[in-house]
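I've put the structures underneath this note.
What follows is chain A paired twice: with chain B in the first complex and chain C in the second.
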Partner chain A sequence: MPIANHHSAVPVTVDADKCIADKGCTVCIDVCPLDVLWIDESTGKAHMKYDECWYCMPCEADCPTDAVTVNIPYLLR
Partner chain B sequence: MNFDDVAIIDTDVLVIGGGTAGPMAAVTVKERHPDLDVTLLEKANVKRSGAISMGMDGLNNAIVPGHATPEQYVREITIANDGIVHQPALMAYAQRSYPMIEKLDSWGVHFQKDETGDYDMKKVHHLGTYVLPMPEGHNVKKILYRRLRRHRIKVENRYQATRLLKDTKGNISGMIGINTRTAEPIIIRAKAVVMATGAAGRIGLPHSGYLFGTYENPANSGDGHAMAYHAGADLANLECYQVNPLLKDYNGPACAYVTGPLGGFTSNAFGERFIECDYWSGQMMLEFFKELESGKGPVFLKLDHLAEETIQEIETILHTNERPSRGRFHDGRHVDYRKRMVEMHISEIGFCSGHSASGVWVDETGATTVPGLYAAGDMASVPHNYMLGAFVYGQICGESAADFAQQRGQFELDKNLIEEELVRLRAPLQRADGIPPEQMEYKVRRLVNDYLQPPKVTRRMEIGLERILSVRDDLPLLKAGDAHELMRAMEVHSIVDCAEMAARASLYRTESRWGLYHYRVDFPETDEQQWFCHSRLYKDESGGMASGTRPIAPYIVSLGEEKDAYNQLRVKKAANA
Partner chain C sequence: MNVFHDPELRELAERLASPDPGLRRVAVLDLVDCPEPEAVTLLIQALRDPDPQVRQEAAKVVDEFESEDMADALIAALNDSDEVVRNAAAHALSDLKDPAAAKPLLAALEESRDPFVVAGILRALKPLREPAAREPALARLEAGDATIRREAVGLLGWLKEERNLPALIQRARDDDDAEVRRAAVGALVYAEPDSVAEALRQVVSDPHWQVRAEAMNSIAKLNHQDSLPLLIEATRDSTWQVREKAADAIGKLGRVEGIPALGECSRDAMSNLRKAAIGALGAIAHEQCRPYIQTALDDPDPDVRKLARWAQSKLSAA
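Presenting the complex of A and B:
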């Protein structure tokens, strides 16, 4: 059975100017209980790779540079 | 890949799940027998995993001398759970509740105290006083993490356990699983195993339609329930679902019981109080459900009559602990507690002993029915256990597992089990195409909502079971594109197992009990003659899912004249009418 891509707007945003993942920081990636934050290979910054969010907020609360914002997923807004 | 290609890690006690009960179990093993080697395995990262990743706003079941006795507590929970409890297990919790509060206090967990320095207890339950607020409860996980470091407990983050291992005599002897980032298999051989994998919180579909917008932390997908079942352990009273009153569309508790002591309450559309007690029970949920479906519905959290400083206090508690994105949710809809009531609704179903009573059967030592396997927290069968119960049973299981590990001799792993599991773990990555985990998960959870949600109807549940079994037939078609999707695919296996368990357990008990949790429209009465017993669910010798009963152990605390108190929760006449 062939598989299609489907897009979704993700709730967690990372301010690339503030994010220091390219300097070795992995705090938000480590604390996510669903492991949905990953390093974007092209920019070296953190981003939300999978739309599987509990909007629980450790990523935002623990970010040392206040780069992460957790928004309520669109379906709940 | 086969058995000989996978490195085996050895440990004395393996703890699966690093949320609340798990870290306590691991620390307890070290406190009891410092020479034992302990490994704590976690699907996420112990720093922020489990139900209390952002902390907790209070203890729901604190038995503090001068405010309540263990006997009063055991009586109230027995009544709240319609008599179906293992009282020795409740009593073991009740007696250790206060020493555990003092231990946590000494570790730096802050509980609210009054001006004399005593714990500031609040009455929320129907009969007794058991609620202790923790306005600074956001740091619980940090405190646990410090303890893990202090005892030098080996932590393995980002590993998903998928099956328990046995030795050639049938004793539990470790686990097999995968690294969720690399998909590499891992085998840990252990002399005793404590499971603390949390609720099965991803069985039903939230009303928002967002798969991960569940009440429970969605990492708690029922892996532990499935693993225990496949290892031959009994599960108990699974038909006693968890169904919680939540904010509409938001998965945090509305917390009428947090706001209750401050004057807030659960109301109908006319601003009228309709239940006497906001403590979560099946009976309370049934009244909630009736009001929701009636002409006076829907149901609301009413705070708009309170003073400004009270509302600010409520906002501080509810918007900084446990589910801190709640304030953001309200902001998005321009909801202000001062101006209007907040719409509530009921949650999807789940298995969670923290709030109801279903789970892997354990006795008062935390032992399951399989030698060497212990279970604690939301996945084990001790009812209404909440966070403090997870800590206490984590401690009990840590002690039991440490003792078991110390006296266990040499053993040999059952290799057949491992070979079989390696095949199952590899399959989704090897397929060229197939069904993505998300799609199969959505389907089975939608079926759970359509067919298994109470009010339960026999014929509807039979159709649901048939449809769930047809999804089970599709499991070999699961296709994973990467290690992350493999984790989700293995979770779908657990979710299908739990969905089938929910259907079979609900069909087995031909009566109504626990209010809404097991409200069977075609068997509306509670039948004490036939059904005053635990229900069992287990894997029989042919590998099928079987049901049975387990007698209730003789009560050690009698119920007295309050035995029907939880059947009289509805306000006779609206209090402000």
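Presenting the complex of A and C:
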């Protein structure tokens, strides 16, 4: 899996203002079957570390604060 | 603060006592995964949290815990300022089915003015089949809010008392709200069939199709043989859902006189209705059904064909 170490558009975006990962929440990280969501050490918020996604949606659906958005590519919609 | 022996609980209790509501909220999220039965005391604490988001989070997970341990907290939560919390509390209370909860629920009903809360309490009282709930429920049949009337009708239906029938019949016929009428028609099924026959005869011409469909269901459940002409007429209803329920009901009554009407339905454009008709013809399993069942063996809908084969086997067994 390629590591996304420079900023680019990834399918899963997290609204840092809403995200409560810094309070200890790990819901999206726990539900992700690909383990591509991690906590950003600098902000304490969740982010997509690896640019891989099955678009399975639990991260968006289960987020207690509705901070996660999964952008499904047009051809998959 | 309670002292817990389990280290996981102790840690959660500390986080739930944190001054930061965000931390408390996340602690509630983790509480769900805690297998210890004492976790429920922490959940009760969270249901009383000053922060509405913590209470909301706690309310979302009340289903995961044994409700009887938190009946009091849930009843208190029925008056929460937050609607999500109130809704979850009413929902959890209706799962409770603990006769001991009846008293506090009735007391809460007395106190409550908010339509949403009143409806939730009535819904929670319903499965308890508490005779003392009769009077307050009858009073709520006149409530301005339709959801309250609907829940009151449901509660009276569950009580299955002969003397409540006139009130239920009145709701089934005259309520302004279709959903209340539908619930009332559905609630009549505990009656002596002849005592509600007249009411059913009136509601089968209700302007709302769901009420008519429910009336078909009720006739089938009551097994009211004298209502067969109503059912046959309803197989020509303008709404196919009503025709479908009527066909079902004729099958349940098992009456040979209904076969021509069912045959008509078995040629309907709506495949769900054809399915119901063939199912009913199979249930009657009379020689007169054979031509319709035979035709249905070549129906374009596979479900209808499947049912036709079953009906055919019923015929040859009969």
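A few comments on the model shown:
Heads up, the rule we're going with is that the second predicted complex is superposed on the first by the 64 of 77 C-alpha atoms of A that agree within 3 Å, B and C clash if a C-alpha of one lies under 4 Å from a C-alpha of the other, contacts with A are read in each partner's own complex, and residues count from 1 in each chain.
Quick note on the criterion: contacts are C-beta pairs under 8 Å (C-beta built on N, C-alpha and C of every residue); 3 or more make two chains touch, one makes a residue touch a chain.
Values in this document were obtained by computation on a predicted structure and should not be read as measured data.
Once the two complexes are overlaid on the shared chain, A:C63 sits clear of chain B and of chain C alike.
In the superposed model, A:C25 makes contact with chain C only, not with chain B.
Taking chain B and chain C in turn and counting the residues of chain A each one touches, the greater count comes from B. In the superposition on chain A, contact of A:M1 is made with chain B only, not with chain C. With both structures placed on the common chain, the touch criterion links A:L75 to chain B but leaves chain C unconnected. By the touch criterion defined above, A:V12 reaches neither chain B nor chain C. Residue ranges on chain A touching chain C, taken from their complex, read 20, 22-25, 27, 64. Of all residues in chain C, those touching chain A in their complex are 15, 20, 22-23, 25-27, 29-30, 57.
Put simply, chain A touches chain B in their complex at residues 1-3, 30-35, 49-50, 52-58, 61-62, 70-73, 75-77.
The touching residues of chain B, when paired with chain A in their complex, are 44-45, 47-50, 53-54, 157-158, 180-181, 208-214, 217-219, 249-251, 323-325, 328-329, 332-333, 433-436, 477, 479, 484, 487-488.
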